[in-house]
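Dropping a structure here in structure tokens format, bear with me for questions.
Lettered A, B and C in written order, each chain numbered from 1.
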Amino acid sequence: MYSGRRVGYLIAAAVIALLPLIFQDSYWRTNLTVCAITVMLAIGLDFILGYAGQLNLGHCAFYGIGAYASTLLITRLGVPFWIAFACAIALAGAAGMALAMFAVRLRGHYLAIASLAFAVIVHQVLLNWISLTQGPLGIYGIRPPPPIALPGLPVISFANAGNMFYLVAGFALLFYFLLDQILRSPIGEALTAIREDEVSAASFGINCAGWKVFAFGIGSAVAGAAGAFYASLVGTLVPDAFIITESFTILAMVIVGGMGTLLGPVCGAILLTVLPELLRGFGDLRLVLYGAALTLVVLFMPGGMAQAARLIRPRLPGVRAKLLHDRAA
Amino acid sequence: MLAVAVQQAINGVVFGSLYVLVALGLTLIYGVLVQINFAHADIVTIGAFAAYFFTYTLGGNYVASIGVALLIGAALGWLINASIFAPLRERGSELLPLIATIGVSVLLQNAMLLWFGPIPYSFDSPYSNQVIRLPGGTFITLQNLIIIAVSTVTIALLYGFMRFTFMGKALRAVAQDRETAGLMGINPNALIMLTFVIASALAGMGGAMLGPILVLTPFAGTSVIVKAFAIVIIGGFGNVAGTIIAGLLVGLIESYTTQFINPGLTDIVVFTLLLAVLALRPTGLIAEKREENV
Amino acid sequence: MTVLPEIAAAPAEPLFRAEGLHKRFGGVHAVRDLSLTISRAAIFAIIGPNGAGKSTLLNLMSGLYAPDAGRMTFDGRDLSAMPAHRRARLGLARTFQKIRLFRHLSVLANVVAALHIHHAIPAWQYVFHGRAFARDHARAREQAMKLLAFVGLEQRAAALAASLPYGEQRMLELARALATAPRLLLVDEPAAGLNAAEVERLIERIRLLRERGMTVIVVEHNMDLVMEIADRVLVMDYGQYLFEGIPAEVQANPAVIAAYLGA
């Protein structure tokens, strides 16, 4: 890894380490954890949309599947947290691949509608399968991940908002690293080729259907992880947390940040999560702002914040990827 | 039992014809632009609220309010095309306009939420409670009858317009091949705008008629639009006759599911049908129906 | 692996064979009962008036369309139900009539993307980039530069693909198709929009490919080009076989002349 990126990761780790020291109250620490969860959702969607070029409007469904899967495994079957976590990731990823396999031959708009339909179906199932999910009443009393006891150190409890933030943000950074590495490999080249032009990509031996399924699987798996963390953070789980508007919110973050740049959506997620909190009193305007931001960005700066950054500082290290990941302004 | 079945059929036709109005707008736009206007739903909602305020706050005639909603819908259609689709057309991106309209939809819905609040408005038209008894123990409210009548007339007029008038043929020409249509002296941009205006007028009108029979909240349009998408796909994007049939079908399926299975499952049934249709008639990478120039 | 592999002296058996191909679109019979045989290390041209079905034939061969009837074999392997991306791995590459470059990527990145089937990296190194990854990465770039040099674009490696003038874009298309190291190359109207000098360069390169043992099928309208480089010519009309022979025979054939002038 070249030194610019290594520095970038170190800075990110340092920022994560420092944040709970700056924000000592649990309200803000919880917000930061929510922010980390949305970052996970955003990079998962960018993998599918920004790199493979698939307009997936059903991302919230995999978020929900992850949340409910891990919670039900823990509360109903007594499965230990981390095993349930792994299962949630696997299940969400599998669901993503199933949707992709179904939709693999569908063109842009049809895929968008199919993914939308899928998300609505999942939400309705969560709402109506009362014996499984308790429907709109929800599931209560979900506990945070179990404390970790390392020899010689005090027990790390995740009921502590600061520790929870470290855990979730740490995973977000890990997922970012993994996705980034994959995207900088020939797999990333294949996905980009598919996004740019599937027909010629196929003529180079790229199995477009297979890689699309792969992209959906990875992106949805990360969403599933986000869901598992969400459930254990918030403590209660209701189906309405995963309505279709959630997909649009994440979409807004990806677009505003700059799709296809991975780092852009991170910034978009942070901006759109933190901004409404800062503009307290405008809380109800949150979604209005998202809608306005999404529309305006698409109309006037479709490359999002990443495009803006490139205009200001053409040599932004770390954001500026190698030749292969260049996007025209 | 039969009476119930027939009653549900009547309800199905009522809702179905409204879904058709909304879906026709979507399919017309797609036929001509190959784009989806996600904010179509909110035009329906705005139409409903416009009719509500015209009737209650301004004390206007309900039937006239349908016309008002139509005009407001038309104006919104003009605005959305002019500000979003026309500028983005130059860029030639397939998915960006869709994403932009998602933004507009989220914006409008939540702005309405702030303005009107989440509590449903009780919108009773003067005809909501007048009931006409039909043979076999079934009945239909006058409101529903008006809905069926207005929808049928509108749909028939639209169909006739598309098939038999010059404008209609020009629209279909633009849908098939924009460049050549342009070369033949048809102004594609003007026609696309006309399509948008007609489509959105239909949506506004649909909203005004839906107001009294649906729960009127800022999300009223959304509940309709998702079914409208299903209808457009089942009937075939751009296919007017298919949309009409599919719309009535979905309306009927919905009523029967509500009555005989479980009201909570209507969305699941309709959407599973949508996915089934997509599975059986996928569009390939290169549409092999017509030879595409690679 | 070299850029332009010396294709070993091959058996006498034809490289590609099609029998009875049919393709309809709605009511239009784009290709009707077409058979052909392509021998190795040759340049085979397909010509015909507009709408003759030439591009459809290429699309059938490369796997973009599935034939309604008929069979195709490539080097003895049956191509039925083999999707386009698998045919590329077999050694069948193509360019497109409409330029399909990855517009947002650089020229170099375009060629590197086309080298997809040649990567040799253990699976875990796609995530944790080790030495094999680095070697493969360097090798791919080196390969891509050689291909760009072959088409004369090595100076433009860093440029954005969309910024190239039309003639250079066409050469980039060629470079990408060669990246898969094909034994059979299908070229769809390579000379369209090129000026005389560019056409000369193109002819040179296609000849070079043949010398290296590659088989090239060229669909073209430019008669001078066809007559100059083709070993054999197939003439199509209305989706059907009209005539096949060496260029001189084709030029003299009355049915061919009628098809071009008559319609």
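Here, a contact is a pair of C-beta atoms (placed from the backbone, for glycine too) under 8 Å apart; a residue touches a chain by one contact, two chains touch by 3 or more.
Just so we're clear, the structure is a prediction, and the values are computed from it rather than from any experiment.
Novice: Per-chain C-alpha centres versus the global one: which chain is nearest?
Specialist: So the chain sitting closest to the middle is A.
Novice: Compare the CA centroid of subunit B with every other chain's and tell me the farthest one.
Specialist: For subunit B, the chain whose C-alpha mean is farthest off is C.
Novice: Please report how many Å separate the Cα centroid of subunit A from that of subunit B, as a whole number.
Specialist: Centre separation, subunit A to subunit B: 33 Å.
Novice: Which whole number of Å gives the spacing of the CA centres of subunit B and subunit C?
Specialist: 47
Novice: Using Cα averages as centroids, what's the distance between subunit A and subunit C in whole Å?
Specialist: Those two chain centres are 41 Å apart.
Novice: Name the residues of subunit C that each touch 2 or more other chains.
Specialist: Within subunit C, residues 64, 96, 100 contact more than one other chain.
Novice: Going by the touch rule set out above, which residues of subunit A reach two or more other chains?
Specialist: 199, 202, 208
Novice: Touching two or more other chains, which residues of subunit B qualify?
Specialist: In subunit B, residues 285-286, 294 touch at least two other chains, as defined above.
Novice: Which stretch or stretches of subunit A touch subunit B in the complex?
Specialist: 55, 102-103, 105-110, 112-114, 116-118, 120-121, 124-125, 127-128, 198-199, 202, 208, 245, 248, 251-252, 255, 284-285, 287-288, 290-299, 302
Novice: Write out the stretch or stretches of subunit A touching subunit C in their complex.
Specialist: Those residues of subunit A that touch subunit C are 1, 178, 181-182, 184-187, 189-190, 192-193, 196-197, 199-208, 323-324, 326-328.
Novice: Taking the complex as given, what residues does subunit B use to touch subunit A?
Specialist: My answer: residues 30, 34-36, 83-84, 87-88, 91, 93-100, 102-111, 113-114, 226, 229-230, 233, 237, 262, 264-265, 267-268, 271-272, 274-275, 278-279, 282-286, 294.
Novice: Taking the touch rule as given, give the residues of subunit C at its contact with subunit A in the complex, in rising order.
Specialist: The touching residues are 62-64, 83-86, 88-89, 93-94, 96, 100-106, 108-109, 112-117, 119, 121, 125-129, 133, 136, 140, 158, 160, 162, 176-177, 179-180.
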